[in-house]
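What follows is a set of structures to go through.
One chain, chain A, appears in both complexes that follow, with chain B as partner in the first and chain C in the second.
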Partner chain A sequence: MQKDIVLSVKGVTKSFGGLKALSKINLGIGKGEIYGLIGPNGAGKTTLFNILTGIYTPNQGTFNLDGKDLAGLKPHLIVKAGLARTFQNIRLFGNMSGLENVMVGFHVRTKTGVMGAVFRHYRAREEETNLRNKSKSLMDYVGLDPELTQPSTTLPYGDQRRLEIARALATNPKVIALDEPAAGMNPTETAGLRDLLVRIRRDGITILLIEHDVKLVMGLCDTVAVLDYGKKIAEGEPKEIKANPDVIQAYLGGELS
Partner chain B sequence: MINKVFYLEKFKSFQNPKIVWLGYSLVAITLAILPFIIEASIGRTWVRILDFALIYGMLALGLNIVVGFAGLLDLGYIAFYAVGAYTWALLASPQFGLHLPFWLIIPIGFVVAGFFGVLLGAPTLRLRGDYLAIVTLGFGEIVRIFLNNLDHPINITNGPVGINLIDPISVGGYALTRTQQIAGVNFSGAHIYYYLLLVLLLACIFVCIRLENSRLGRAWIAIREDETAAQAMGINTRNMKLLAFAMGASFGGVAGGVFASFQGFVSPESFILLESIMVLCMVVLGGMGNVWGVVLGTLLLAILPEILRDISSPIQESLLGGVWIDPESLRMVLFGLALILVMLVRPSGLWPSKKH
Partner chain C sequence: MLGSVYALVALGYTMVYGILGLINFAHGEVVMIGAMVVLTMIGFLSGFPAPLSNGAILLFAVITAILVCSMLAFLIERVAYRPLRNAPRLAPLITAIGMSILLQNIAMIIWGRQYKTFPDLFSTVSYSFGGANITNVQVFIIIISILIMSALLLTINFTRIGRAMRATAESPQIASLMGVNVNYIISLTFVLGAALAAVAGVLVFANYSVAHYSMGFMLGLKAFTAAVLGGIGNMAGAMLGGILLGLIESIGAGYISDFTGGFMGSHYQDVFAFLVLIGVLVLRPTGIMGERVADRT
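This part shows the complex of A and B:
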């Protein structure tokens, strides 16, 4: 079956000095799917993430979103093109409230400049009300109370993860890249996260997911790719990955439950 | 619990429009008659001190955009004050024989200082924290040294001697630095400038508050909180930082221009590093990022040292029977002590930003 590819990665290579963190990675992420990226520690998952979101530039290779070449662009232009991310170690704007964090996410889709900010003409006021309302409904969407005024770093851990997702969704992405969203969550929180991801997929946003929780990945993803020592060693449906001898050997070190 | 109820009651009265308007009018009347009271009770020099406090207020609010909102530690901020002052001095003095009207020079000063903000901001974009502070400190000194030495080969700034006989702001042929009689009441130059500076300061406060609660303010605060995350949320950090530098600098430029016209004289001596530090202290002591905190910090730091200077001699005489310590040095000692005390007791400033 031919997938409708939204994000395609072609031959991406990245070295840090003598260390080849990624070599010739090819991925094809289909529209509307949850695409899992797994691999042992140091396999290059986060490096790939940082390349896709513009923090690093690849030494070789390219990637494009809906046919638009993004390799080497600045992070804010990649977000503008429709690829948003969350961070492995949560990076919220600590002293801002949850709602304000989400409102920052709308920056890239809004226009108000100095004149609009100072004089608050009709267009600026309308934009501000609009984005405030949208931010509130996004908070609701991920299951957070929009009226909370406390600094976002004082929120419970699971809520901070959800808030990061809401903030990324605020940029109106085609693809949202989540870097270990379930890390440090208890089983209840993980179940909640799982529901949220399913809802996001249902609403037509493609998810690229790095995750250590194999059970979550295998149960949730439509396609899974496995990285090991900077190389892609397998790509396919969870069923195939579970049965793949290379994966069992390299990553799981034995039988899969 | 009792406290909580009390606060709720207080907020209720804040929501009553009648009480709010009454509050505003009381503040307005106080501000309007303040110079009369001061002039009558403690003398005309204090109106001048108040004027300088208002100028410092504009500077501190401008620096607050850079340091408080965007989180960029700038130790050379006084350079933009200097740029504004010299812009005015060169365009309205016998130096080049130019005498442009104030309504033309104020926007020019605004733009020129903003341009210098971008010019000096651009090379620092990749720097963070201590390194940014070191480079901006250097830039501040470079500007001052340029002003000090641009008297040859072509004499532009008159060097260390400075520029004299700068035109005051004049409206319809009346110079605002002269004493004017309006409706039978005598207004001294300092008194008239007080109103002018007050209007400018209120405008600065207004612009700052509007900026803070906007898309731009949120983007600045996001950069302050986490630059990498701000980029990853689609904020063009380069442009936003340059905008912060430009906005901050243009406040400084306007303040500098008005300062030049008020003094009638500028020289590089007014723009030393200590002045940058002083303005930064006002921002930090008052509460970085909070506009009202910054205003409070400015008033305290601009006025308190003057009070200390005035009262230290009489107090010494009554307690010790003679002036043992020079009031000028004692003033700085007490000033330093007050700063240390505030930083120990209220590390995020007297009136911190609500988000802290």
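This part shows the complex of A and C:
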């Protein structure tokens, strides 16, 4: 199967002191797919996300998005290149309203600088109105009420997760990386999330998904990679993964046999 | 009047604190440099072959002061704070104090030790209503301060750059992961604060007609008090704190002699600012408008 690769990770290695968190990870994420990344706790999934989004620089290896090498770039430049993320523990701007959080996401795709802010010329105001409308429709898209004015940390948990997704989508990414979006959700919320992810994929955005909810991953992803102790032990379609003895050994513990 | 100047300077403290969690003790010195640059520029422009109107001279001088102070603040951040961004919090605090002393001494070398007087560009007119006296300079100061502060509040709350600043204040890391260039925003915050400080420097200088290389120290401390009073890190709080502190000082200085039966005179004015500082820190450390205990270690 020949995939059109959008995000390619080559030989990424990261150690913290003597601990090898990731060793020689290779991934090829195809355009428009939902790519699942699973593995036991401490397998290095979030470390990989942190490398991909520029928080850490890899010791070795590189990764590129649509052919553009991103390794070692500052986080905001990676976002600009088209890779956005959400967080395992929700990290919203708590003092801002939901709408404002989304508007921050648009920062990188808008231009008005200091002069525009000070003199508020026509173009700056137009951009601001435009931005507000686009942010509202994004909130609508993820299923949130755009008129919510309360500080974002007081929103219900599931809504906060959706808001993070909206904020990441606002950066107009090619690939959106979701770090355990279903964590702590009840079954109804998870079902809603699943619909949202399907809609995002349909709109042409590639999804890289870390998730513990095995049912969600197996039902949703086109490709799944499994990490264990910083190594990739398997990659393939969900049904291959389910049948892979290494995976069952390392992670699923035989449950799905 | 005095209050609106405190408010302008306090905004500089509070913006930097809000974003970096750092008390920029060199901020008062930026105010002083602003006043000094205006003095030099007025002297320079007055000697121009083609005579300029006094208003034009003042305007050019103030613009120069804003530019110089902005560049200065940019450099201070680059040299003294950015290398210590991830150091323990005590380290940048010490460099801030060091920077403050350094700037004072540089100013002393450039402008000398003597008190400088403000050139007579315009005549002071005094108005009186309801028993209170106010000069045209003071009216001007109040108007300018209000204009600047409203512009700043609008910028912070309703523009792209302002949003990026608030996002950075909440969490620099998350802001950068959402595509905000954090270093740019931090530099910008210092520059904006310095521009306000430059204006404040000119206003103080115009009002008291004296400038001195050490004038920034006391002014900075009082503005810091104002920022703490309002709730440090909170912009509206800084403005309110500044104005309140100005009122407390003036009223206190006016009546202290009556309270103490002539034992203490109005030259004890400075006492009030620091009584307020101690009072706030003991009774309500988060200040009037501070909600969270601003601590980010």
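Assume the second predicted complex is superposed on the first by the 255 of 257 C-alpha atoms of A that agree within 3 Å, B and C clash if a C-alpha of one lies under 4 Å from a C-alpha of the other, contacts with A are read in each partner's own complex, and residues count from 1 in each chain.
Quick note on the criterion: contacts are C-beta pairs under 8 Å (C-beta built on N, C-alpha and C of every residue); 3 or more make two chains touch, one makes a residue touch a chain.
Predicted model only: the values in this text are computed from it and were never measured.
Trainee: Mind checking the superposed model to see whether chain B and chain C fit together on chain A or clash?
Mentor: Pair status: clash.
Trainee: Look at A:P151 in the shared chain and tell me whether it touches chain B only, chain C only, both, or neither; answer first, second, both or neither.
Mentor: A:P151 contacts chain B only, not chain C.
Trainee: On the A-aligned overlay, A:V104 touches which partner chain: chain B = first, chain C = second, or both, or neither?
Mentor: In the superposition, A:V104 touches chain B and chain C alike.
Trainee: A:L19 in the overlay: touching chain B, chain C, both, or neither? Say first, second, both or neither.
Mentor: neither
Trainee: Residues of chain A that sit at the chain B interface in one complex and at the chain C interface in the other, please.
Mentor: Residues 53-55, 74-76, 79-80, 84-85, 87, 91, 93-96, 100, 103-108, 110, 112-114, 116-118, 120, 124, 127-128, 131, 167-168, 171 of chain A touch both chain B and chain C.
Trainee: Under the stated contact criterion, what part of chain C meets chain A in this complex?
Mentor: The contact residues of chain C facing chain A are 151, 155, 158-164, 166-167, 170-171, 173-182, 188.
Trainee: Flag every residue of chain B that touches chain A in the complex, lowest number first.
Mentor: 206-207, 210-211, 214-219, 221-222, 225-226, 228-237, 243, 247, 353, 355-356
Trainee: Can you list the chain A residues touching chain C in their complex?
Mentor: 53-55, 74-76, 79-80, 84-85, 87, 91, 93-96, 100, 103-110, 112-114, 116-118, 120, 124, 127-128, 131, 167-168, 171
Trainee: In their complex, what parts of chain A are in touch with chain B?
Mentor: Those in contact with chain B are residues 53-55, 74-76, 79-80, 84-85, 87, 91-97, 100, 103-108, 110, 112-114, 116-120, 124, 127-128, 131, 151, 167-168, 170-171.
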